[in-house]
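Okay, so chain A shows up in both of these, paired with chain B first and chain C after.
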Partner chain A sequence: MSVLVWIEQIDGQAVHSSWEVLGKGRELADSLGSPLVALVVGHGVEAVAEEARGYGPDTVLLADDPALERFRLQPYAAALQEAIRRADASVILASATTNGRTLTGLVACQNQAGLAPDAVDLRIEEGKLVAVRSVYSGNILSDIYFDTDQQFASVRPRSFPAPEAGEAQGAIQPLPVPVDEGQVPEKILEVKPADTSEISLTDARIIVSGGRGVAKDPELGFKLVSELADVLGAAVGASRAAVDAGYIPYKHQVGQTGKTVKPDLYIAAGISGAIQHLAGMGQSKVIVAINKDPDAPIFERANYGIVGDLFQVLPALTKEFKKRLGKEEKE
Partner chain B sequence: MKVAVLIKQTPDTAELPKVSPEEVRSGDVKATMVINPWDEYAAEEAIQLGDRFGASSVAISLGKEGETDALKHALAMGVNSALLVDVEAAREGDVWAVATALAAAVQHEGDVDVVLTGKMSVDGNSGAVYTGVACKLGWNLLVNVTKIVDIADGVVTAERSFEGGQETVTMPLPVVISVAKEINDPRYPSFMGIRKASRAKIPVLTAQELGLESIPRAVRWENLRKPEARHTEVQIIEGETVEEQAAKLVDALLAEKVI
Partner chain C sequence: MRTLVCVKRVPATGAKILLTPDEQDIETRFLGFTISPHEECAVEEAIRLVEEHGGRSTVLTLGPPEAAEQLRDALAMGVDEAILLETDGSDWDPVATARALVAAIQAEEAANGPFDLILFGNESADSGGYQVGIRVAHALDRPCVAGIKGLTVQEGQLEARREIPGGWEVYQVPLPGVVTVKEGLNLPRYPSLRGRLRAKKAPIQRLQPELQPGGPAKVRLKVPEEQGVETQILGHGPEAAPQVVAILKQLGLVQP
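And then the complex of A and B:
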């Protein structure tokens, strides 16, 4: 028996939230009294396997093959199946990224095993995984108990703290996965990599978001949002109204039909606080609202509020943070 | 070519906070029910594939008898036909049971080349049903597709997006495709469409017809509850000037240790 964690890599870089899952995996493996195994799949990704050793696994399995260079579901599922066999894994985890969700889902289904998608907490009871899921868009929680010997879960990013990298442990073991390129149904024709300088919303510790409140000068409004985000090392978010109005691309949308985020600090500027927006950011640790309407619903969920014009408040905040965080000289 | 689009009927998002654990447990949710917002994109894409490739489209929903409003919305948008699947054994939140019933319905429909689905349901939130449907059918799967570039010679070319960016890929049919919001702008049903849909008689496929009186299940949902209420008392930062307000807010946030 073991706990197996898939460490996702994109273009040779480990996906940060994978370490959160591996850190939690250590805890689960200890309470089961079974080993923790990390799985890295790709081509020429020894560095990721090496990095994984710093987060406490007993073994790192490395499946390396040219056909595995980029994520494709069928060959990656074959690699995960092989790793489950090799590690005799009973608890199989991944971060709930697009690929992590799909991979755990397909392999769980192939093995007729239970799946807890996008779990927000994990624990062990009576030798089995119990996952907590947030459903009805954050309005209901449920414990998921498994009736199967294999228990799969994908884990929502930022559900667990990122572990500190420690001394490298565990050996890297090659995991041969026979993939016949001719048998892989999916062919990748073209790749447009994401802008890696942009901080991902789901991984962000701090998010600064803008809403329809920028309407009188949207370009300036989102420039002010971005400037504050830059000083704080934060990601930029937006309400759907701002996205629908074309002020900012959809990938920045937070909420019901956008991203679900859980930063330590969420600053909402010119956002009214509609239920569908709260569904995406209501779990943030500290919420700050900047809104000129003192009766805006966002103030009911916020910890701190400034009633005022974002076009004045945002630059003042940026300036103050620069001063306090010692970034003023860059001005 | 035939396209099936999977449509779930879900609570109006504005009413989700009112849904109680008891309602979820009993399966008798009192909220106003509408088409799952993500599934409007799938329905729109089904209609567009009809226009582009002469495909016929069928909307399939797993739900209880009478739960046809979401299907009627799809019909009113322009999907050709609709089918309600009523399988009691698939109602208790096990995604594989739901997928088993939907896959059986697709098979029952016959000749389907493409199954389109939404990205996620706003109540189940699993983003897993399409994976299960592909698995149960033994079909290929494309997730989070932002554009269907072409379908020709039994192969679909599509763009999909994930955290690492965008990829253009090809995949042989038959295929299950979950669509992302970027794929299209769902149309509003026309007046004529609504009239026609309101008169449509939607056939119901039963567990018996599908041979699904019982479905083994893999997970149990226990201890349904409301998340702990957030007791926030907002602290409004006052000041003579915005500079003063900004300074006070920064003090507070530094003290919270969130910077």
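And then the complex of A and C:
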């Protein structure tokens, strides 16, 4: 028996939320009294396997093959199956990225095992995994109990704190995965980097979001939002109202049908706090709201509020942060 | 080409949701219903592919008799045919749902020829299981690309564009295949008046699927405790900025 965690990598970089799952995996393995095994799949990704050793696994399995360079469902599923066999894994976990959800989905289906997709919490009861899911946009929590020997879960990013990297432990063991390229239906034709200066919303520790409150000058409004985000190393978010009005592209949308986020700090500027938006960001650790309307619903959820016009408050905040964080430009 | 789009009737978003007394399901009596935005895009794409390449599009759902409403919405947008796998309204888990869909797809393909492309939404808007599409693809032994935001079909091959952290990838898979699509793939059209009138009268094929024992996981639901938050108003206007910064710094939330 073991707890197996798939460590996702893209272009040789570990996906950060994988470490959160590995950290939680250590806890689960300890309460089961079974080993923790990390799985790294890719090509030329020894560095990721080496990095994984710092997060407490007993073993790191490394499936390294040119055919495994980028995520393709069929060969990655074969690698995970091979790892499950080798590690005799009973609890199989991945971060709930698109790839993590798809991979656990397929392999659980192949093995006719229980699957808890997009779990927000995990625990062990009577020697088995219990996964908590948040459904109906956070309105309902659902405990998933398994009655199969193999128990699969994907874990929503930022559900658990990222562990501190410690002293490397556990040996790296090669995991050969035979891939017959002729049998793989998926080919990757092209990979294009987007603007990498942007921080992804789901990974961000801090998010600064703008809403309908920017209406009188949307361009300036989101410029002010971005400037504050830059100083804080934060991602830029937006409410659905702002996205629908065309002030900012959809990829920035937080809340129902946009992204669900759980940063340490969420700064909402000119966002009234519609229930859909609150569902998407309500689990942030600390929420700061800036709104002209002292009765805006966002103030019922925020930890701290400033009643005021974002066009005045945001620049003041940016300036103050620059000063206090020692980022003031030299004049 | 033949396209099939699978949709799910779900409670309209934003409503406060209550549980049934046995805590096994949600109370649906007071809710409005819809399909998810991902699925609206899947319906639109199923129609567009047929407009571009010729053929026929079909919409399929598993749900209570009232799910015919969602099928008629798709017909009004321009889908050619609709199939309803009628349940008594109880909740079918992803395993049972996928099984019933697969049985219906196989029967339909045996009668009228294969579907070149089967489209799903990336996840349903209610239970968000991210897996029915993958399960159907597996059962039919067809390739599946999940989470796609762009697709083109040519010469029996599908090119699917997918976002990844820091960029995007283009996959190529042979047809027949399965995709799960994300909102943003296209801009779904509004149904025309003519479409609506046509959809009102269009026949819906109703089948009674057999509920096979569900998936290997049990569920217990609960409503999360209300998180009482004490909001502290730190001030009015830009003068409040220094205090906000001081508090966030003190909490260790912002670092130089």
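Keep in mind that, in the parts below, the second predicted complex is superposed on the first by the 326 of 331 C-alpha atoms of A that agree within 3 Å, B and C clash if a C-alpha of one lies under 4 Å from a C-alpha of the other, contacts with A are read in each partner's own complex, and residues count from 1 in each chain.
The criterion applied here is as follows: a contact is a pair of C-beta atoms (placed from the backbone, for glycine too) under 8 Å apart; a residue touches a chain by one contact, two chains touch by 3 or more.
Note that the structure is a prediction, hence the values are computed from the model and not measured.
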> Superposed on chain A, are chain B and chain C clashing or fitting side by side?
Replying inline: clash
>> For A:V135, using the defined touch cut-off, is the partner it touches chain B, chain C, both, or neither? Pick first, second, both or neither.
In response: both
>> Once chain A of both complexes is superposed, is A:G326 in touch with chain B (first), chain C (second), both, or neither?
In response: second
> Touching A:A316, do we find chain B (first), chain C (second), both, or neither?
Replying inline: both
> Touch check for A:L115: first (chain B), second (chain C), both, or neither?
Replying inline: both
>> Between chain B and chain C, whom does A:T102 touch in the aligned arrangement: first, second, both, or neither?
In response: both
> Between chain B and chain C, which residues of chain A are contacted by each of them?
Replying inline: 10-11, 15, 70, 73-74, 97-98, 101-102, 105-106, 108-110, 112-118, 133-148, 185-194, 200, 206, 232, 250, 256-257, 264-265, 275-276, 282, 285-289, 294, 299-308, 312-313, 316-317, 319-321, 324-325
>> Applying the document's contact rule, which stretches of chain B touch chain A when the two form their complex?
In response: 11, 13-14, 16-17, 19, 21, 24, 37-38, 93-96, 99, 122-128, 131-132, 134-136, 140-144, 157, 161-172, 181-182, 216-227, 230, 232, 234-237, 242-243, 245-247, 249-250, 252-254, 256, 258-259
>> Could you list, by residue number, the parts of chain A that touch chain C in their complex?
In response: 10-11, 15, 70, 72-74, 96-98, 101-102, 105-106, 108-110, 112-118, 133-148, 154, 185-194, 196, 200, 203, 206, 232, 250-251, 256-257, 264-265, 274-276, 282, 285-289, 294, 299-309, 312-313, 315-317, 319-321, 324-327
>> Quick check: in the complex, which residue numbers of chain A touch chain B?
In response: 10-11, 15, 70-71, 73-74, 97-99, 101-102, 105-106, 108-110, 112-118, 133-148, 185-194, 200, 205-206, 232, 250, 256-257, 264-265, 275-276, 279, 282, 285-289, 294, 299-308, 312-313, 316-317, 319-321, 324-325
>> Touching residues of chain C toward chain A in the complex: what are they?
In response: 11, 13-14, 16-17, 19, 26, 36-37, 94, 98, 122, 125-131, 134-135, 138, 143-147, 159, 162-174, 177, 183-184, 215-224, 227, 229-242, 244-249, 251, 253-256
